[in-house]
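Structures incoming, each one as structure tokens.
Both complexes shown next keep chain A, but they swap its partner, so chain B is in the first and chain C is in the second.
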Partner chain A sequence: MIDFVQNTVDGIMFGSSYALLAVGFTIIFGVMRRLNLAFGATIMLGAYVGTWLHVNYQVNVLIIALAILASTVLTGVYVERLCFRAIRRDAALASMVSSFVIWMQLEEVAIHLLPERTYPFPSLFVVDAIEVGAFLFRAEHVTMLVLAVAMVGALHLLLHRTRFGLALRAMSENPRAASYMGIDTGRVMLCSFALVSLVGGVAGYTILATDEQITPFFGLWTTFKGLIAMMLGGMGSLPGAILGGLMLGVVEAHSQWYLGNEYKDLSAYILLFAILVLRPGGLMGRRILSREELAYRRV
Partner chain B sequence: MLELRGLSKHFGGVKALDGLDLTVDEGEIFGLIGPNGSGKSTTINVICGVYGQTAGTVRFRGELMDGQPPHRRLRAGIARTFQNIRLFPNLTVWQNLWVAQNSHQDIARQGFLPRWLGTTRQTRKEIAGLLELADLGHKGDDLAANLAFGEQRRLEFARAAAARPKLLLLDEPAAGMSRVEIDDLSRRIRRVRESGVTVLLVEHVMELVMGVTERIAVLNFGNRIAFGTPSEVQHNQAVQEAYLGSSSPEPRPAGRKS
Partner chain C sequence: MDDYLVTVLSNIGMISFIALSAYLLLITGEISFGQQAYFGLGAYAAGAATAMFELPIWTAILVGSSVAGLMAMVVGALTLRLSGLYFSISTLAFAEMVRLILLIVKVQVEVDGEMVGPDGSNGFHDIRWMFERDISLTEFMFMIYGLLALVLIALIWMERSRLGMVFRMLGSDDLLAEMQGLNTVRYRILAAGLAGGIAGIGGALYAHFTTYVEPQFFNVMLGVHALAYGLIGGLGTAIGPLIGVAIDLGFLEAVRFIQGYRMIVFGGLVAVLLILMPRGLLDEERVHRLKTLFSRRNHAGARGP
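On to the complex of A and B.
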């Protein structure tokens, strides 16, 4: 019983970072109906810039964290310009393919920046695990959860309480009408890329600070986790992304404990398979999509 | 106010607009009518920048609008409603109006923060006024998707007014409306005009056009075939022929566009 609770809480804590990754994918999908495959690579390159600073100059971890956020946002904006802005009137597939190519490009940049296979990644602070009764929590996991909750809370306020957030949601509902309501759709697109890159940067940083090492495969890893979590919750759904991320974290934690490390990734795919068979649109996606359809039919 | 010179728009071989000249004066309610496919909607779409024209110019308050994207034109003061309503269904009535305020001159001038982040007493007051204009005062927190058809039309109208435009383009606002609703709409149009907005009304429903406009231009085959006051247009031979192919006293009865 204690194991079960411990694993569940661990899973939720780590899953909160999956949730942030999924939020990044799902916001771009919601606003543009396009998949940004370079999102994971964006986070990876941002983290590589921080690692490069760490390896070569031994600067303060706080500065490294800020450098990672800044370079992730810049890379996100770069991806938007190249894969989304430049071809916004073309097929959505064109954006997907070109963002895949940019993924390869960003990976190449990272490998040239730091050519060895793995590098140490600086932890934010070195603290012992936190003991609560019979339970033991890693400080990094607690930080992860706290930051994720703060990010999701801030996002929620932004999307529901500011005119920018409403413009973003208006755009995801009807881009053309939004443009005639005076919303600069290009600006909103750019800002949403910067925004999700910031969210992704936070997620990437907390994950790497837990792992304490980085490889170029981090881009692939974040893409997998983020996409699976998004698919679980339903594409384009923000609550779905959060739910999917937490669920993925919990299932991974349990299967790692009860079945062994080699089953961790496999169980994630089995979970995805089960959800897609039972609810093809994802947990929240189908309901939201059908409600949207209904709304369009009425409006 | 609005000046169209030699405006043409060709879609492949189809000349939707063919050298249209039109001038709308400040403060008037101007009607634009014509049979189906005569170029009315194309005119509105070119004015607010949905697509560029093949030839000719659009001038708004003396400034050339060519090549400007829709949001710039709105900021310059051109707002529109849609023939088929295009609200944001999962936003509330209040939020629909709030979003549309982002092009409001006074709010835009206050800079980035009030424009994109906050509400002020002024914006709340204006939204309350718009809700009242649309008779939706009690429905501010309802999702737009849950409104009745007539209410959605009124919200669409109020949303276009939210940016406080100088020129309001109404694309068939009376389509599918009952007689009572049409009377209601003409009152609303007059009220908006009294607040200093020029109105360009594209409409099939003759009761509305004849009752509310001061001048009317009649289009056919992408060009102007008649121009004048409502009664002048009503008795124009060319107009009657365009609508019915023969002489008949009424251009077309009220009704929904087929």
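On to the complex of A and C.
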């Protein structure tokens, strides 16, 4: 029983960073109706810039964090310009493939920056664990959760209390109507890329500070975790992304504990496949319209 | 020809199968991130057929292709209700499931005093058909291209037939296709099965060419590259994906002097290409224009240029 609770809590804590990654994917999908495959690579390049500073100049943790955030935002803007703005609106597939090749490109830039396989990443705390009764929590996990909750709270305020948030929501609802209402859709797109890159940068930083190392697989890893978490919840749904992230974290923690390491990813994929087959549209996403409804809409 | 060139050309040929497989689904309007699963299943099944059960190579390729095709049909039937990105991600999830299961599965039998068969994360060693039969790399390359030509001819023939038209119709508007009285369920499963089967042939050849396969090779990178090939080369004709493969792999070999900066250059080039031509080099429009150009040449004088 103690194991079960401990694993669940650990899963929720680690899952909160998955949730942030999923939020990044889901906001871009909402605004663009296109998938940004370069999101993970964006975070990876930012993290590599930070690690590069750490390895070569041993700078302060705060400067590393700021460098990571600044470079993820810049990279995010680069991806938006090249793969999304420049490509016709109806060519969603071209955007996706374009963002994929840019992923490869960013990854290579990152590897040029730091060519070895693993690099140390500065951890946040010296304290290892916090004991609460029979339970043991890593300080990094707690920070992860606190930061994620703060980010989601800030995002919620941004989306529901500001003009930019209103414009962003209007665009995810109906891009054409939004532009008729005088919303500068190009600017909203650019700002939302900058915004999600910032969210991704925070998620990347906390994950790396927990792992205390970075490898060239980080881009692929973040892409996968974010995508799975987003799809579990349903695309374009913010609460869905958060739920999906937490669920992924919990399932991974339990399967790793009870089944072993090689089943950790496998059970996540089985869960994803099962949910997609049984509940198309994810847990909280807009339901995929049935064919009859779609047909009636046309008429 | 030296072995190096033969290896490069053979790789281009074998990867072309998975590119064609992704292309076939693309024209029916489905984006699959998971064709590498069928490539992998084909490789394992065909490898098992020759190495463990000592079947002839053609039977093995048939086995690989049908195992992959049948599995693809099952997955196609399960994911019928999904569309767009939901479909893409479900194929990705399935492919990763296959890869991770192959990392666990250990089935080995004793053949000639040695244990052969899939060995979990150590991969599947000793698919030695080429050595046992004393087949040279060049001979095998011709086999690859022979099969590729067959598949290509079949695909081009299919595109001119009613089936091809139905597939393209599903791709541009599946609701309209259904309203025309077409059984879209049957056609979608058929397309999935055919695409899986084509990828399976590629996998079967790959297993025998390299004599060794490991699950790690069939990761999502292979699948997304397969998708990208179709989009780079163009979605207008089955030649398109082959051009995509040749550009990518050929380019990679041709520009070895900028080793290490390849993806930076190539990624940028493809991104610019996709801005200019969002459906690839040979898209439907250009294919149509080329075709009319041809027929005009054939009926010279019928109408001025």
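Observations on the model:
Basically, the second predicted complex is superposed on the first by the 283 of 299 C-alpha atoms of A that agree within 3 Å, B and C clash if a C-alpha of one lies under 4 Å from a C-alpha of the other, contacts with A are read in each partner's own complex, and residues count from 1 in each chain.
To be clear about the criterion, a residue touches a chain if its C-beta (ideal position, glycine included) is under 8 Å from a C-beta of that chain, and two chains touch if they have at least 3 such contacts.
Computed from a predicted model, the values in this text were never measured in an experiment.
Once the two structures are overlaid, the count of chain A residues touched is higher for C than for its counterpart among chain B and chain C. Judged by the touch definition given at the top, the superposed model places A:E262 against chain C, while chain B stays out of reach. In the superposition on chain A, A:S98 makes contact with chain C only, while chain B stays out of contact range.
By the touch criterion defined above, A:F273 reaches chain C but does not reach chain B.
After overlaying the two complexes on the shared chain, residue contacts for A:D184 are found with chain B alone; chain C is out of touch. Using the contact criterion defined above for the overlaid structures, shared-chain residue A:E107 touches chain C, although it does not reach chain B. Touched by chain B in one complex and by chain C in the other are residues 291, 294-295, 298 of chain A. The touching residues of chain A, when paired with chain C in their complex, are 29, 35, 37, 82-83, 86-88, 91, 93-98, 100-102, 104-105, 107-109, 112, 220, 224, 227-228, 231, 235, 262, 265-266, 269-270, 272-273, 276-277, 280-282, 288, 291, 294-295, 298. On chain C, the positions that touch chain A within their shared complex are 26, 31, 78-79, 81-83, 85-86, 88-90, 92-94, 96-97, 100-101, 103-104, 175, 178-179, 220, 224, 227-228, 231-232, 260-264, 266-268, 270-271, 274-275, 278-279. Of all residues in chain A, only 162-164, 166-167, 169-170, 173-174, 176-185, 291-292, 294-296, 298-299 touch chain B in the complex they form. Looking at the complex, you find that chain B touches chain A at residues 48, 69-71, 74-75, 79-80, 82, 85-91, 95-96, 98-103, 115-118, 143-145, 152, 159, 163.
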